[in-house]
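Both of the next two complexes hold chain A, though its partner changes from chain B to chain C.
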Partner chain A sequence: MPLKLERQENVPLAGLVAAPFVALAFTLIVGAAMFLAMGHDPIEAFRIYFIEPLGDAYTLQELVVKTCPLLLIGVGLAFCYRANRWNIGAEGQYVAGALLGSWLALATHGTGAGPWVLPAMLVLGALGGAAYGLIPALLRVRFGASEILTSLMLVYVAELFLDYLVRGPWRDPAGFNFPQSVTFDAVATMPLLLDEGRLHGGIVIALIVVVAATFVLGRTLVGFSIELGGSAPRAAAFAGFDEKRVTYGVFAVSGALAGLAGIIEVAGPIGNMQPSISPGYGFTAIIAAMLGRLHPVGILVSSFVLALTYIGGEAAQISLRMPFDVTRVFQGTLLIAILAADVLVRYRIRRVEGVRHA
Partner chain B sequence: MLDTVMIGAVLASVVAAATTLLIASLGELVAERAGTLNLGVEGMMIIGAAVGYATAYSSGSLLLGTLAAVLAGVALSLVFAVLTVWLAANQVASGLATTILGLGLAGLIGAPFVGTRIDAAPELRIPGLTDLPIIGKAVFGQDAFVYASIALLVLVTWGLARTRTGLVIRAVGESHVAAHALGHPVRRIRTLAVMFGGACAGLAGAQLSLAYTPFWASDMTAGRGWIALALVVFSAWKPLWLLAGAYLFGAVSILQLHVQGFGLGIPSQLLSSLPYLATVAALVLISALKRGQGAPASLGVPFVPDR
Partner chain C sequence: MRKILSLALGLAAGAALAGAGALPASAAEKLKAAWVYIGPVGDFGWTYQHDQGRKAVEAAFGDKVETTYVESVPEGPDAERVIEQLARAGNKIIFTTSFGYMEPTLKVAKRHPKVMFEHATGFKRDKNVATYNSKFHEGRYILGQIAAKMSKTGTIGYIGSFPIPEVISGINAMMLGAQSVNPDMKIKIVWVNSWFDPAKEADAAKALMDQGADIITQHTDSPAAMQAAEARGVKAFGQASDMISFGPKSQLTSIVDNWAPYYVKRVKEVMDGTWTSTDTWAGIKDGEVVMAPYTNMPDDVRAMAEATEAKIKSGELNPFKGPVYKQDGTLAAKEGEAVPDKDILSMNWYVKGIDDKVPGQ
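Let's look at the complex of A and B:
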């Protein structure tokens, strides 16, 4: 093999910034091939998928609505991934947060409770997500169990528990046997930002989280200990940073933000509890975190791009009758492309003479 | 008499459920023994299920469907291999990407076949033995996938422990630097091990959509690929233990279904979550007992030759 990879000491910033765009371009090429293979005109399909949603006020609002959960969860995951802890169960923590927060909404339903309900729900949502996220952290620290597999298994458990509640104890008795809870009261609902559409206050919370996370990760000792624990665990141990505390900390933060995203979603666009409350936000946010270079501002941009694949996917489902799985293919390809582009930034490809096997 | 028939049927379905897990986890075990942690099992399994079903439905041939499923699993595993082995990308993220892509592609491929059915892979009967009470059907009345899984188990157990190829695979997984210094083509061996894992995951998918539940439904793997990954940890990277693990989990997933059928007043969702909870419990137990013993030393570490 006459080519080899050579690690670059100083990774150029331009390369780090350019990589996501190269990945995006690659994804579009693969997408064009996919549309052709499915018998659609790729230019027309791209217009419906990626351009049209940007064109009118309603879908633009929907884009921001979908950006919100991806952004919150993605920023939380950045804490984990910077520390080299692989929380892939954000979807479960999202559900756990939604469950604990909704419990309050349902408990106060019809009691005429004051405007304290929504803030309390948000706090409970974050706590629920954090508690659920701490389970894999605890199992890793205490028993050495792989957090990758435990966090993922707990997604299924949370989803089944949600299913049980909305079909059982939480089902709306006046709901014609539909598996869903009562609609939340006004005091338990996210305030809308505009008179028309579904744009809600969640995005404001998400933007505050971006600013706070940028500061914590980039300017504080906590952020440094997370980063160091991930890239040089031995050095971090010598420096006196507690590895266990980092594990608990990053799982608590990412769980809390996923839980917050969950309760905001049910108290906002959804409005009650249903068997399915997420089109896979917890998994897509992993891509958002990676594509955004584990930086909160980068994740803001990447969440918007990924939200576009959701909206575009819905539009293509309606006007081109394409299955929604097209969106998953786009998202998977995007993650693959960004991982590959990363290598081309971090390594230099060199020709080597006279080396047989590599 | 009814009871022995019933028990025989339950045992037979435990075998079918265990076979999916056994085939997929054997492939992943080989990939991990070579040092690559491929979290894409779920994706490779479901694309095997989709491609296998689509091919079998269109051609009418289960054999052709199975072959296509294996090839689809291998093709998707190559995406993972290129990323992790040749581009030294992070294995966890690459595995997730493989799974997401696999789920999406499988949904696209399977979409035209939703709601159709085919005849399940036939049971291979041995006159006399198959008609034995209780165990007859479970042991001697299974389809070809079950016997293939046992053959695969023997092959992997013997191959890893007793052949030169197995020794090289283990060497690459334990210390890729040493293996490289000895002149073994580390990246080629890892690529082949990942491809073997992809072939097995594809075969497991075919077993799922052609024999176990002979239809296509999106997300029909329902986390089985992830459970297969957990089984590899549970086995402490020893193939024979996979047999025990797969049948244990097969039993849990089938028995909870039957308990649901009895309607004992236990919420069905709680019972459905048992296999996942059992996986977490098994991971915790084995990790607490072994503390990472048995894991290949270079597992998950990318290899970049510097000379």
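Let's look at the complex of A and C:
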């Protein structure tokens, strides 16, 4: 029986709002079945997964620390995705930003440089990410190359360059030949917001970015041109919006925010340069952006929820001895459920008689 | 199936322990010990061997210990949080089993002076942070001798992970072992820049075989290279675990990591209150480096390998005994001396006879 998806003209607002909650409920049911099959009390498992991390000052801070890079990168990706530009290489822009910012930290290491170092590092980080993000934009505008492929492949270039630097020129001479740089000086480190824990100033920057992005995307002509270029490119062209400028613009913003996330992470929780500076934030942020419906506030919520599934997963490993793969199954179920709910709200499934394939 | 079974068993045990943990009185009697793993536990390789050590601790102390592990923890900020949470969960000793956990371990240790930390393969210690590692290079020397006997082309294919001292010293030890049998042995090295990447490891093995290597060895974790060698009828060595099931006709032997003696000893010391921060580097003699059965080789080669193993065990033979020459001809250890431990632990040069360059040097 062939089926066909048909786009609904008037999507009810209630459906759009309800969809994520239905998806969440579905995930919880699947999760409960999984926990039961493994011989656990599902209520207890959910408590450890989702409630316990929220009840402790330390893990709450950790949640925010984990949310920060996902949020910054996710908001940047929203610019690209709204304009129908598919930047898959935020991970590479994150690394590029971290590299340029760290260069300053290492160049001034031990020189007694003043408190200007950290702000300058943040600026360099954003510039580095933006410059790196502009490469796929240029390739698309000039040569028509698919930005999906070029941005993804540039991730590996950035990672290998980082690898080369920390194993070669940037290696700590006192580090027994192991691949990592010296620890950054205090002036090159993100300030902590509380005495206990690791909550750092990065989240303040991220929240400012959320507010600014909400305003730009929702209330300005720039935001409108991005949106229109994505949904109706011909109409945008007639309206006089320059498609090339939009491409460059969204990639620069997206790259800058990813680069900023990179240098904040390196100058914050990591504290030096090492071969691996991201557990895949640039890719997880794609999920955050999609789950947040490309709205900065939505991405704030989705980044937090994703961070919660990570940290809850760790707690479940520690107190329930649940394997790490359960966390991954959980995240996967949530993503599929949300995407499915989205499709079911926006589209209608129709039986197609006769013809086998459309 | 095996995984599901062990999972079910582990969970049943976990549920029992979690129940006990709810009561502070019974929790206080048990010593809580925890492990942090870089990869999934799986059925072979680096993390699997550490988990075997954890199970040995459970077997040795029964009701007196409660062990926990967290797997697939990325190096960096996530590691610090996991270690912190384990310390907060009341663990008295925490083993962090990858090099990249060094800084996170030290940071958490500062905040929890009453918890003992053990960092594998690192070099920074503190009052409550000990380090430990194995002399894998002792096993590599034996591999080198076997390779030189078994190879027809005179070329060893070596799959490297990262050019860090542990891996470099393994390559050197293998070469020194090979040269002790055949001074003209050659070694070809391919770096895959990963500890675990089956596709890359298999490609590297094929490339090495195409270049004439007829003995394959690896410093990476998957059995992919072994399988590639088996498919072409080429001999190979396993790594970390006995990989004979992946290369029944290919495997000559494996270097098997055995952390059980160390883990049992250290947990006992915490129980007795005698734990101190130490730097342990144990090898074949201590049972930490174990050679899998010598297979697929003639009796005389097996006899040579067993004799060398016995000599290393008795202390009669040090793989890095002098004279050892660096590639550029300078002397690293004089006749009658051996390369000092600190030079092995920071090794970034090849011995004479290796026709390659250490990356990044």
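The criterion applied here is as follows: the second predicted complex is superposed on the first by the 302 of 358 C-alpha atoms of A that agree within 3 Å, B and C clash if a C-alpha of one lies under 4 Å from a C-alpha of the other, contacts with A are read in each partner's own complex, and residues count from 1 in each chain.
Assume contacts are C-beta pairs under 8 Å (C-beta built on N, C-alpha and C of every residue); 3 or more make two chains touch, one makes a residue touch a chain.
Just so it is clear, the model here is predicted, and its values are computed rather than measured.
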| item | value |
| --- | --- |
| Touched partner set for A:Val65, first chain B, second chain C, both or neither | second |
| Partner chain(s) touched by A:Ile270 [first = chain B, second = chain C, both, neither] | second |
| Which superposed partner A:Leu335 touches (first chain B, second chain C, both, neither) | first |
| First, second, both or neither for A:Thr214, with chain B first and chain C second | neither |
| Touched partner set for A:Asp163, first chain B, second chain C, both or neither | both |
| Touching partner for A:Pro323 - first (chain B), second (chain C), both, neither | both |
| Intersection of chain A interface sets (partners chain B, chain C) | 38, 160, 163-164, 167-168, 323-325 |
| Complex contacts: residues of chain A adjacent to chain C | 38-40, 58-59, 62, 65-66, 160, 163-164, 167-168, 171, 176-179, 183, 198, 265, 268-272, 274-279, 310-311, 314-315, 317-325 |
| Sites on chain A touched by chain B in the complex | 4-5, 7, 38, 86, 88, 139, 142-146, 148-150, 152-154, 156-157, 160-161, 163-164, 167-168, 283, 286-287, 290, 323-333, 335-336, 339-340, 342-343, 347, 355, 357-358 |
| Chain B residues within the chain A interface of the complex | 39, 43, 79, 82-83, 87-90, 92-94, 96-108, 111, 183-185, 187-188, 218, 222-223, 226, 229-230, 233, 267, 269-270, 272-273, 276-277, 279-280, 283-284, 287-288, 291-292, 304-305, 307 |
| Complex interface listing, chain C residues touching chain A | 7-8, 10-15, 17-18, 21, 34, 40-41, 68-72, 74-78, 80-82, 84-86, 88-89, 99-100, 103, 123, 162-165, 193, 345-348, 359-360 |
